[in-house]
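Each remark here refers to the structure printed beneath this line.
Chains here go by letter, A, B and C, matching the order in which they are written, and residues are numbered from 1 within each.
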Amino acid sequence: MNKLVVQNLAKRFDSRRVFKDISFELTSGESIAITGPNGSGKSTLVLCLLAQYHPNNGKVSYLYDEKKLSEIEIQQNSGLVSPYLNLYGQLTAEENIKFFTSIRGNNITGSEINNLLKKVGLEGRGNDNVAGYSSGMSQRLKYAVALASKPKFLFLDEPTSNLDDQGKEAIASIIEEVRQNTILIIATNEKEEYSLATHKCQLGN
Amino acid sequence: MFSFIEPAPQKIIGEASRIFYYHIPQAWISVIAFAMSMIYSIRFLKKRSLDEDDKAAATAGLGFMFCLLAAVTGAIFAKVTWGSFWNWDPRETSIFILLLIYGAYFALRGAIAEDEKRAALSAVYAIFAFITVPFLIFVVPRIVPSLHPSDSIVNEDMKFTMGPSVRTIFFSSLIVFTAVYFWLFNITRRALKIKRHLLNEDK
Amino acid sequence: MPHTSASLATKCLTMLVKDLKLELRDKYALNAVLMFGITTLAVVSFSLGQRNLPPHLLGALFWVIMFFSAMSGLAHIFIREEESGTSLALRLAAPPDAVYIGKLLFNLILLSVLTVIITPLFFIFTNAPVSSAIDFIPILILGVLGLCSATTLIAAIIARAAVKGALFAVLSFPIIIPLLLTLVISTQKLFEGSGVGGVMTELQFLLAYMVVMIVGSLMLFKFVWTE
């Protein structure tokens, strides 16, 4: 049983406070939607949860069966899709998937990669350099890379940005598929996206 | 500032010898300041408290000034005693390298706008630079080996001809300089702490 | 948890292979380093004309060329991650140790390629005593190791500070002065005729320096790499 426990999280940059007193607890199958106007700190919160920023107060704990996960284990079992996350343009889609999966400590076979590409709608484009991808294709590939490690903690910052209707459908069905065994954190402005979550967190007061 | 009154000027080098009362404490303090900066840097990385970074930067700033003074007074002394301002003998080289380290530290700090990032990166640099110091101590005396035995003559001079009045003045100068350094550091530290406090409350 | 985990060594290798792949595709750092080294050497040789430099100057010259060539290309491996915006993805996926070691190995390979090309050219252009060529190899190896081990952490620092090349040399120079001085002295001694035996102290020093720099970098790297 996986758990994400957040207690009294606060963050500021220099003298500008971004958020404070953020607390929630999620177990597998549960999800939270982080909402708020532009600039309210949704992406910063997501990055704080992923230990990319030092919080000024509070704690984030990743647990499996009540035992704390090590940093390497967190890396191995988490994934992020975000406008701030970029992939290697000079590598092909397949190479990107393979690299990020291996460096996390997981294995993946060629056929698994192909299946993933199919699921996100990039079938047949595996051998192209990512630099040639459109923004919509890059977004789909980010999902493929994140999901390749079968993450137990999945973070989605603006899940449907740059996606056409087909893309949105593909992503929606992927999320449905993994939702049960995953802790899902979604940061978004779109109402349709956050109606899916079991919990909510509103920023920007 | 007794050094101006007592003692009678050294016979060989004359009035200029008074400079060594200033020069050596300055050099000494610039090294201590560097060590303190490294210690505060370590504490910052451990505690992540910007207070520690303020202290690291403050002591580095003072260290830099004393280092500059040491280099200048040393050069004047060298000109008067041995005829040229700069000769790359071991002590001069070491002071020069320390000056470079301080310069690099502040150049790095100047290039980063965000508080925490600046603190973390300059802390790492300060610590990393400090661990090269033992190597410097080992290497520097071995280069330029045959130039200027004069430095060692001064050493011998200090050992053998420091009469009691000279010794008193020298050590009191050392103490005064150290006291000045700590006094300046204390003031700066307190001012920075207040500033940090005001910033923190100002959400 | 159900996943099996790869070892640190495998991850370092994955890191290295990825960086080599990327480098071979645009050859940016390789070109920078080679062009700098060869051009500088050519300029010096040209201005020397028929004259020969005395051994102690040759030693200094060689390592000056190496130092500046290193400065022109060894920061690229970190700067590239920041410029292409991939550093977040990397930070989320790779353990800091693997990132440091992988990139250290990359820099080692890069500088070694330069050394292999520049050293024979150096001997040819400056008429350095060829008899000392074989004995020069340990100094070369330790010199390359020393340069990379001291500057890789600094490269990470300036990349994270979002500053480009100029600061790399400013920050690196004070740190590698002991290294450069020792390299120059030992090369000098070698060119003046002492065999490897005459520079044993220097070689030990270089080894110690490299070890300390790597250990120090490993311990400090994660403070640079992660927020």
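Note that in this section a residue touches a chain if its C-beta (ideal position, glycine included) is under 8 Å from a C-beta of that chain, and two chains touch if they have at least 3 such contacts.
Note that this is a predicted model, so its numbers are computed, not measured.
*Asks:* Hey, how would you classify the chain contact layout here, line, ring, star, complete or other?
*Replies:* complete
*Asks:* Taking the mean of each chain's Cα atoms, which chain ends up nearest the overall Cα mean?
*Replies:* Given all protein C-alpha atoms shown, the central chain works out to be C.
*Asks:* Could you tell me which pair, A-B or A-C, is linked by more C-beta pairs in contact?
*Replies:* Of A-C and A-B, it is A-C that has more C-beta pairs in contact.
*Asks:* Centre-to-centre on C-alpha atoms, which chain is most distant from subunit A?
*Replies:* The chain farthest from subunit A, judged by C-alpha centres, is B.
*Asks:* Measuring from the mean C-alpha position of subunit B to the mean C-alpha position of subunit C, what distance in angstrom results?
*Replies:* 31
*Asks:* For subunit A and subunit C, what's the span in angstrom between their mean Cα positions?
*Replies:* The mean C-alpha positions of subunit A and subunit C differ by 37 Å.
*Asks:* Just the number, please: Cα centre separation of subunit A and subunit B in whole Å.
*Replies:* Computed value for the inter-centroid distance: 50 Å.
*Asks:* Where in subunit A do residues touch at least two different other chains?
*Replies:* 54
*Asks:* Please list all residues of subunit B that touch 2 or more other chains.
*Replies:* If we look for residues of subunit B contacting two or more partner chains, we find 116.
*Asks:* I need the residues of subunit C touching at least two other chains; which ones are they?
*Replies:* 227
*Asks:* Applying the document's contact rule, which stretches of subunit B touch subunit C when the two form their complex?
*Replies:* For subunit B paired with subunit C, touching residues are 45, 97, 100-101, 103-104, 107-108, 111-112, 116-117, 120-121, 123-125, 127-129, 131-132, 135-136, 138-140, 142-143.
*Asks:* Once bound in the complex, which stretches of subunit A touch subunit B?
*Replies:* Listed in rising order, the residues of subunit A that touch subunit B are 12-15, 17, 54.
*Asks:* How about subunit A: which of its residues touch subunit C in the complex?
*Replies:* Residues 50-54, 64, 69, 71-73, 75-78, 80, 82, 84-91, 95, 99-100, 102-107, 145, 149-150, 152.
*Asks:* In the complex, go through subunit C and note every residue touching subunit A.
*Replies:* Going through subunit C, the ones touching subunit A are 1, 3-6, 10-11, 14-15, 18, 21-22, 25-26, 84-86, 88-95, 98, 226-227.
*Asks:* Mind listing the subunit B positions that touch subunit A in their complex?
*Replies:* Those in contact with subunit A are residues 48, 114-116, 199-200, 202-203.
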